[in-house]
Amino acid sequence: MSQFTGHHILSVSQLDRDAIEKVFAVANMMQPYAKRQKRTTVLDGAILGNLFFEPSTRTRVSFGTAFNLLGGEVRETTGMSSSALAKGESLYDTARVLSGYSDIIAMRHPAAGSVAEFAQGSRVPVINGGDGANEHPTQALLDLFTIERELRYEGKGIDGLHIAMIGDLRYGRTVHSLSRLLCLYKNIHFTLVSPPELAMPTPVIDAIENAGHRLTISTRLEGSLNADICYQTRIQEERFESQAEANRYRGKFRLNQSIYTKHFQSKTVIMHPLPRDSRAEANELDNDLNQNPNLAIFRQTDNGVLVRMALFALTLGVEHLLTRYEKDVIWHSNKSSE
Amino acid sequence: MSQFTGHHILSVSQLDRDAIEKVFAVANMMQPYAKRQKRTTVLDGAILGNLFFEPSTRTRVSFGTAFNLLGGEVRETTGMSSSALAKGESLYDTARVLSGYSDIIAMRHPAAGSVAEFAQGSRVPVINGGDGANEHPTQALLDLFTIERELRYEGKGIDGLHIAMIGDLRYGRTVHSLSRLLCLYKNIHFTLVSPPELAMPTPVIDAIENAGHRLTISTRLEGSLNADICYQTRIQEERFESQAEANRYRGKFRLNQSIYTKHFQSKTVIMHPLPRDSRAEANELDNDLNQNPNLAIFRQTDNGVLVRMALFALTLGVEHLLTRYEKDVIWHSNKSSE
Amino acid sequence: MSQFTGHHILSVSQLDRDAIEKVFAVANMMQPYAKRQKRTTVLDGAILGNLFFEPSTRTRVSFGTAFNLLGGEVRETTGMSSSALAKGESLYDTARVLSGYSDIIAMRHPAAGSVAEFAQGSRVPVINGGDGANEHPTQALLDLFTIERELRYEGKGIDGLHIAMIGDLRYGRTVHSLSRLLCLYKNIHFTLVSPPELAMPTPVIDAIENAGHRLTISTRLEGSLNADICYQTRIQEERFESQAEANRYRGKFRLNQSIYTKHFQSKTVIMHPLPRDSRAEANELDNDLNQNPNLAIFRQTDNGVLVRMALFALTLGVEHLLTRYEKDVIWHSNKSSE
């Protein structure tokens, strides 16, 4: 039993550094199960209600897979049209009813605050899988977990980290939540690179400064950044007031191998909150980086499974029972050798 | 093995009082599994085909959860657009094919009679999850089961019950089916309160009278009703010929705490076939009743899981094996202490 | 471990006669599990990613059921609108991400070649569930497996077979793939009956001739065909240049009991790649054939489960472990006695 047992996970603001370290410790214990070296049936018989009132294939499947990897079953719903919410049912009623159908709920909904409102009616723990512009705590945790793991290979920790965040820092929910989590750590250097129209919002800037972190703000990539992490986010051209304005920035915030070589260290880790647009006209993260060993974008999504497994195990209070219910994997798996 | 083993559940008219009591007895045995005091793997390896050709989130998830709680797996389909039915395939063909993919089927379809037609082609038992205006037998059973349980706490049985049905009694499928089930019992007093345009249909009235039950019909709530059960259904304003007509009845068939106090006993149980519209302009069942311990609407949906578990167990002939396949619940559950 | 272990199944052209015989041998071993005489939990804990970017209820459910019958879990996605593919994500990225969520993938997608492209990014084996006009290898295998089983009851093999293919041979993907598989066998007699506009494409004709098979081409059914198999495909009237043209052929390529009696042997097996249009105006395969014991269309879909189970078992390298993980079926099943 931990502080997580029986509780909702609604916001990164619930978490202090100890709580995060607990999540990461359990997530690391999940590695052999996700890599199929072993499996565990600790949640055999438990039911996840995977309620995606806003569709999101990869987040939905990631939660479902995480629960299956612990031995549990998944009941799902996608979209809102067939739901009673569309007919005027309150989130309280929906939560009272649907929480009778599962042992834990993962929920995404387009309205900010909706998951917390739902949680008030729920009789089982609710994990926020994204509530509109508000929060997506499991994404923030998997980002930070990825940073921690990538740096550990270099013998570093999160304290003292230099992270460059590039692109749309205004509307990118993930960079806000990640920045807030990093405020719990010591001596971080943030380099923020964005068009002025898409700068990091003032409340996040204030939080970074109040935490005593070092802050460098720029409107273009220049010089050698000496960053440990380069966190890239997509600029959507419709965010600008005019196409003429958008054209001024076109291609200035993309990353490809030659731009990477020019501005970053040979070990700078490249992150991105997928999906990335891989079409020729996109200005984002070029496919020529696919062979770069520092491209961590697919390790991020793999880590998402570990972090979600950890949150399920902690919330249901079984994190100490994983090995007791361990079994062999008897089928052929490429993952064991990854 | 019981009379249910291997058979379809298509209509409440299949059931006599003994059959209903058998279902309820098995549903009561499901309580410790649904409350997570124990679990059972009696249907480990069995597959439910959960075929919702008409979407209905809560009924679909309730069936799926009921099957998971018995240890089984669920394959699902939602909607009709991607189905061969949309391309002229007969229900017979669909049934022949899809019944090859599961051990039992729960099915909802918008057309009256469609589930029975489907069942003729199916090689596995089919449970009707609602076929348009026709039948929704598991809803009727969960309603009656709820009445039985709520009254049992008061030391009463279904015989001798006084039930008030309020609102749209013409189009409300649930009150028709529940009335027909109650015709199998003795000495029931029905108080039917509805606008004249939305009165209970004559065939149901005839069935009630032929069963020798007592009948009181009214077009408004008045006086003290002395009812054991108040079953409320929503009035949809588009049912009236004109808005002017609808306005005459607005607010006359809603229930809130003060109306409840005025017309009902302190122990009258409040029921409703959810979802309820909780918007301010709705005239249905006010949120100020949420703290009223007699509000049984969420116990109804919880009971739906028990009843559906019972029907699965009976139809697949495993109702006597539940305890033999019992296991401990090892994760933290708030439900055990409910 | 076989040649299948850890490999993708993308096209029938990967398969030689030995490989097909291996698939069929394993599919035959699946019969007692599908018939519910026994069950196996050999894939307990394994996860199938059932990715249907193009909806197809029966193929999707057939794959999911096949995996459940081996003891595994299924995570699914249906349609493309909620997928990152709609936002410009490459199939490579989608595959890298989603292959982190499962042990094996079954995938359908509307674009020809898409499944092979996806497979290049996948870290787990991918089974093609249909990629537009290109390939649907599990359908071709289940068709050939059905032929093999139906003829075996007559003491015959595939070598020396006489098959009549009737209807739309131009756009019918299934008859193309089946013809190519039959080219691996000896001494086949193809009778192809179609309107000239909907004749078998030249590359398939060439393949049949290069294999040294006997070929009879006709634009209408005439005389006694002496065929072992009659494989019927639907003619869609919109395939013709004008309705007048379509009307010329209306009713000429349908099959009913009297047409069957006139042109075929009493043991000719009737096949069709369901769904069939059963509406009165359809000209396809009449319902009056439903009692004909040679109508194999529902045995085809049942066999699809066996073939898909075999491909999963072979690809995951567990085909030799099925019986070691065998368990009893404890629920009532009509299937055991079929």
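Chains here go by letter, A, B and C, matching the order in which they are written, and residues are numbered from 1 within each.
By definition in this document, contacts are C-beta pairs under 8 Å (C-beta built on N, C-alpha and C of every residue); 3 or more make two chains touch, one makes a residue touch a chain.
Remember, it's a predicted structure, so these values are computed and weren't measured experimentally.
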| item | value |
| --- | --- |
| Angle, in degrees to the nearest 5, of the Cα rotation that carries subunit A onto subunit C | 120 |
| Copy pair subunit A, subunit B: interface residue numbering same or different (half cut) | different |
| Geometric centre distance via CA averages, subunit B-subunit A, whole Å | 40 |
| Sites on subunit B at which at least two other chains make contact | 73 |
| Partner subunit C, residues of subunit B touching it in the complex | 1, 5-6, 42-43, 45-47, 49, 73, 75, 77, 81-84, 87-90, 92-94, 96-98, 100-103, 123-124, 315-318, 321 |
| List of subunit A residues in touch with subunit C within their complex | 36, 39, 41, 55-58, 60-62, 64-65, 68-69, 71, 73-74, 78-79, 274-279, 282, 287, 290, 298, 301-302, 305, 327, 329-335, 338 |
